[in-house]
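Read through the structures below before going on.
Each of the next two complexes has chain A plus one other chain: chain B in the first, chain C in the second.
After this line comes the complex of A and B, so read on.
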């Protein structure tokens, strides 16, 4: 395994409610780079993210962090890993009963012995970084969607993480705010040398911030490469994704009608029985 | 984290830090620095970072506290020997002007 890799995923399968959602995923996430995982909604990228942050154990396949198998982490090992990572969830995931600054302070109070004053200054620094220094005492419900997301980012950065995971940074944001968040992600990589993993379906944002792009489709890995390599791919599915073309969905009509009618339905039975047809 | 204090002149003090200045070490360093500022009566405090490989936000926050305490006494705080990581951390906190990095 290369020492330049922060995380390596090998042969990862995953299931959700009995349905397989990831199929033999394998790629490496390099140190101090921005890796963007992208694909259409429901392609399995958020499930993959949950594996990478240790919220979902691997059923088959492995996730290595700097060469260590995450599956071998005991409770302490997992707690140490979680101290090294910051996660910005799609919704921002703020505590609604706490002010913005109290939200930022939560991980610092839980994981450190820092004084209240040091924590207060740290919270202010992080909120200034994301452009929310004037909103310290606001409640999350008083913030716009974009501001909540930026507050969530400030909290994800509270512990100076080595690895930052960001789930759909642009969703629900206007283009200008989204571009500002992209710039901040690039600044964090440049100044702090953070390893950053972004999950998104926004192609423009991905091309702007990615050192490496990972394209997924229906739980499968389609392509891994630099934005230029991905754009010059000859793979038809990758090209279709880049052109934002809709694909014809494979619809299982029998299964759909069986669920709807509450009994096994066979294709064509309606035309022979003439029951309830639309004429 | 080792912290060494030198009274270089009657009203000037030098503190040499060794090791990371992050959320693990900041509580102890803070205690020592605040004590030095309160008790030593120095008008000028110089902190040498040449043996500090990593400065985290917690370290930056403690420096803000020390700066405030020094300013209240009419004194000055100077940071020397900062490596690139430390300079970038201070700039990222938009404090480059205050600490003149």
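After this line comes the complex of A and C, so read on.
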């Protein structure tokens, strides 16, 4: 395994409620680069993210962090890994019963023995970073969607993580706020040299921030490469995704009608079956 | 032509009407007149079915819409049903006579592709398969309970060695919520229960002139069982439900995931302070409930039975031994564990939706109350055997 890779995924399958949602995913996430995992809604991006942040256990030998098998992490190993990562969830996932500054202080209070004053200053620094220094004592419910996400980012950055995971940074935000968040992500890579993994379905934002793009479709890996490589790809599905075309799907009028008005078909089948059952 | 141009106001009033004519031996022409809108009364498909079955067999259907004054989805649905019926009977349908807007919408409606696996298929499952699936599900849910119990035990052990991580403030807040703030409702219910006991007992005991024993009856019943049981049930509905809702909402809001990724155990951070505070508060509330119940009984004794308050007090002191109080306290402690466990367990098991939070809350209350009743029975039987 090459040493410039932070995380390497090999042959990862995943199931959700008996349904397979990821099929043989394999790619590497380089050090200190922004990797964007992209695909349509429901293609398995978030499931993949959950595997990478250790919320969904993967089988042994599937996900490697700097060469170490994540499946073999014991409780302590996982705790160490989690101390190295920061996660910004789709909704921000702020603790609703705590103020913004208390939210950011939670990881610091739990993991460090810093004094309250130091923690306060550190929280303020993180809030400055995301432009929310004036909202220190606000409750999450008093913040707008964009602010909540930025506060979530500040909390994710509280412990100065080496790896930052961002789930759908632009979902539910207006284009200007979303662009602001993209700039922030780029700035974090520049100034703090973080390895950043972003999951998104926004093509524009992906091309803007990505050093490496990973395109997924229905649980399969379509393409991995720099934005330029992806753009020059010859793969029909990738091109279609880039052109934002809806997929051509076979139209079957008859089956649609029977689904819509299928009482005759189904009622007929059911009644015969029921009769059979009684007999 | 766009649909709105076709959707003229229903000048004639009244609903849509149908009429049939045969333009040739095997061609049925269906004429639509009037307003075919959702709010109007419309003919049913059976009229068309009857027409198709009567007379000579029909090979094609055409439409005449010159008398159609207005239409919306109701008309579209009717047409779709006719098309479906015709497809099954292998009858040609000509859409030429339909307004252009209708034709376009029909095309759109029938162009929706089927998503593979999206439609849930109703399947008849044999009895044995259902039995098997249910058993496996029950077994798995039992495993979940044991897993949760194990994790709770580990969290408590960590607390004992001083390594559990939670905010002490959370503990105090929960203690206040499930202790102090529960006092009014516990007072009311317990006093009323004591009052009811005194009333029911008084009627029987008066027949023997033994009214004074109402004090013993209320005293023993409240301290030994009823104080604890009533508090348990109140706390199940009040605090257990609130635990499940709080933790369930946090689950739906990804806050639990956030805690985990911050390297903080939700068991220590959320479950531990809640369990601890309820386990501490429940016996205290139980004792308080005993007191309120006895007070309620005394109220009836003094006012209805004309007993001397001092006599009532002395009789109560005489009847209620320390053993009864210990048994009551034991009940309370067990109920504290049950209610907090059920609330936190259901909250942690909650899925990511608002409806799931509601289900978690209901489930927490049901689990608590059923467990309280079962536990009471077991303790009572054990006390009987041990002669306590």
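One rule holds in what follows: the second predicted complex is superposed on the first by the 244 of 279 C-alpha atoms of A that agree within 3 Å, B and C clash if a C-alpha of one lies under 4 Å from a C-alpha of the other, contacts with A are read in each partner's own complex, and residues count from 1 in each chain.
The working rule: a residue touches a chain if its C-beta (ideal position, glycine included) is under 8 Å from a C-beta of that chain, and two chains touch if they have at least 3 such contacts.
Being a predicted model, the structure only gives us computed values, none of them experimental.
J.: In the superposed arrangement, does A:90 touch chain B (first), chain C (second), both or neither?
T.: In the superposition, A:90 contacts chain C only.
J.: For A:54, is the partner it touches chain B (first), chain C (second), both, or none of the two (neither)?
T.: second
J.: Of the two partner chains, chain B (first) and chain C (second), which one does A:111 touch, if any: first, second, both, or neither?
T.: A:111 contacts both chain B and chain C.
J.: Would you sort A:121 into first (chain B), second (chain C), both or neither based on which partner it touches?
T.: In the superposition, A:121 touches chain B alone.
J.: If you tally the residues of chain A touched by each partner, is the higher count for chain B or for chain C?
T.: If we count touched residues of chain A for both partners, the winner is C.
J.: Taking the two structures together, which residues of chain A meet both chain B and chain C?
T.: Common to the two interfaces on chain A: residues 111, 159.
J.: For the complex, give me every residue of chain C touching chain A.
T.: Residues 80-81, 83-85, 87-88, 109-114, 117, 119, 122, 124, 165, 167, 249-250, 253-255, 257-258, 260-264, 269.
J.: Give the list of chain A residues in touch with chain C in this complex.
T.: Touch residues, chain A against chain C: 19, 53-55, 79, 82-83, 85-87, 89-91, 93-96, 106-107, 109-111, 152, 155, 159, 249-261, 264, 266, 273, 277.
J.: For chain A, which residues are in contact with chain B within the complex?
T.: 108, 111-115, 117-119, 121-122, 125-126, 128-129, 158-160, 187-188, 191-192
J.: Quick check: in the complex, which residue numbers of chain B touch chain A?
T.: 22-24, 26-27, 30, 56-58, 60-62, 64-65, 88-89, 91-95
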